[in-house]
């Protein structure tokens, strides 16, 4: 697997695309580190995103981890393609309890059409990190479709 | 697999628990049909929940489908347990384009500790339905833990 | 989703390809029903394929269900492509106890490049069937590669 | 997550249980390294375990990786429980081409009832290793059931 980006402007392209994801702003998810094949996203604890026991909803964790995977794959792709998630799978290791939550995604396989990524999600409380989820995703590069760009 | 609920008041218990999921209100997800072992959830299209191409974010679809599975399992459980998602897997069959989206979950296996559920998600446009996602989830019954009730 | 096969000779093509899967013969897996978008595979109980408790190994069940999905997808594809599994996920609903085991696969989405399939696996004991597994798989059509044909 | 085994004789218990998996001998899968929370399994290339293009069948890779995960979890469990796979998910990164294949499993979360494990599978050709699969699995500890021991 090469970690050399096909597009030297990959970081701007990743951050621009992320900024167009309206759901990220609504959920309060922000982008951290972006390097070729690796992207971090982060979300603070918010009471209005909890499930019935007061933990952050597993779906919000999955949304963040899936997006981190999509952008990790996107960072290695050519400048003229868009990406869509094909599928993802998440194991929830512990309830999402903490001040904030960080998803760290990395590309396991960077293919021309399909990429496979993994993300680890941790809960952060003060200086302590607890692993709360592990996600694996398949991301597809889409070229030449007007409705799926960047 | 029995579809006889252990708790005759299963529907009230399901709807009460759902009403305490703050994330559902924030995302605009509402509960439809509740029968033993089957629960439907629904969300309208909302621009502020889209991904970069203007489709509803796959994470929102996954959040809804996972919650539908959790409540399908919960509907068959005893009155004194809570539920947590152990894991789920989603295949995205088509971009989430439409006026509204419905997740229909059913229990495949109702175990004492673990239940397995599947959800189909469709996009609805006028009278037309398009399959957009299929999810499989493992849901765990939690008894005797103060932080995981109902 | 159309269930019209692109290749009128789909059944012969499916059965020929299956006959070339050496692993199927070694494991004793045979092909049953083949219709457009649906394929059944079957394996008898065999002591030499058990796990440590004497149940048929979950991996053998997964192998059979994944192959059934691959051929269900293959049945709808053009005559000149080969297929590879991209990923699959299996939930084991009950231990594989019985005289024989049948995987019934169906296509959920038949795409030009990617197809999504689901398989249910049952254990058969006399006239009784018990659901033992549910699998979801992504299958990729491969064209123009000498090492991946049919 | 603690990597301290509950049972000081974990290695003998793991190897004894593996030796009772008849499917492993039939498929030619052998056990390598066993440390607390980590287990390696290995299989040579065998023509009679191939799929239609001559690669080792993905199901055999999945069988090996799932078993490696099961034993990684088992290595951290108490002496009197048995294990069953609840579910697993595998992404196939490249066709299984090589002289031999090694699955390296590690525990991500060691719970009293449920453990979550991940396995990486590589193809080995001479001195070169190629990543061919990544698997995530949920393993359940079973106590007090006569049919599920060790």
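Lettered A, B, C and D in written order, each chain numbered from 1.
Just so we're on the same page, contacts are C-beta pairs under 8 Å (C-beta built on N, C-alpha and C of every residue); 3 or more make two chains touch, one makes a residue touch a chain.
Everything quoted here is computed from the prediction, not taken from an experiment.
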Rotation angle for the CA superposition of chain C on chain D, to the nearest 5°?
180
With chain centres defined as mean CA positions, report which chain is farthest from chain A.
C
Approximate Å spacing (C-alpha centroids) for the pair chain C, chain D
22
Indicate the whole-number Å distance between the mean C-alpha point of chain B and the mean C-alpha point of chain D.
32
So the centre of each chain is just the mean of its C-alpha atoms; given that, what is the distance between chain A and chain D in Å?
28
Please set out, as single numbers or ranges, the residues of chain A touching at least two other chains.
86-87, 89, 91, 116, 136, 138
For the chain A and chain B complex, residues of the former touching the latter
17-18, 20-23, 25-26, 47-54, 56-60, 62-64, 66-67, 82, 84-92, 95, 147-150
In the complex, chain A touches chain D at residues 1, 89, 91, 93-94, 108-109, 116, 118, 131, 134, 136, 138
Can you name the residues of chain D that touch chain B in the complex?
86-87, 89, 113-114, 116, 138, 140
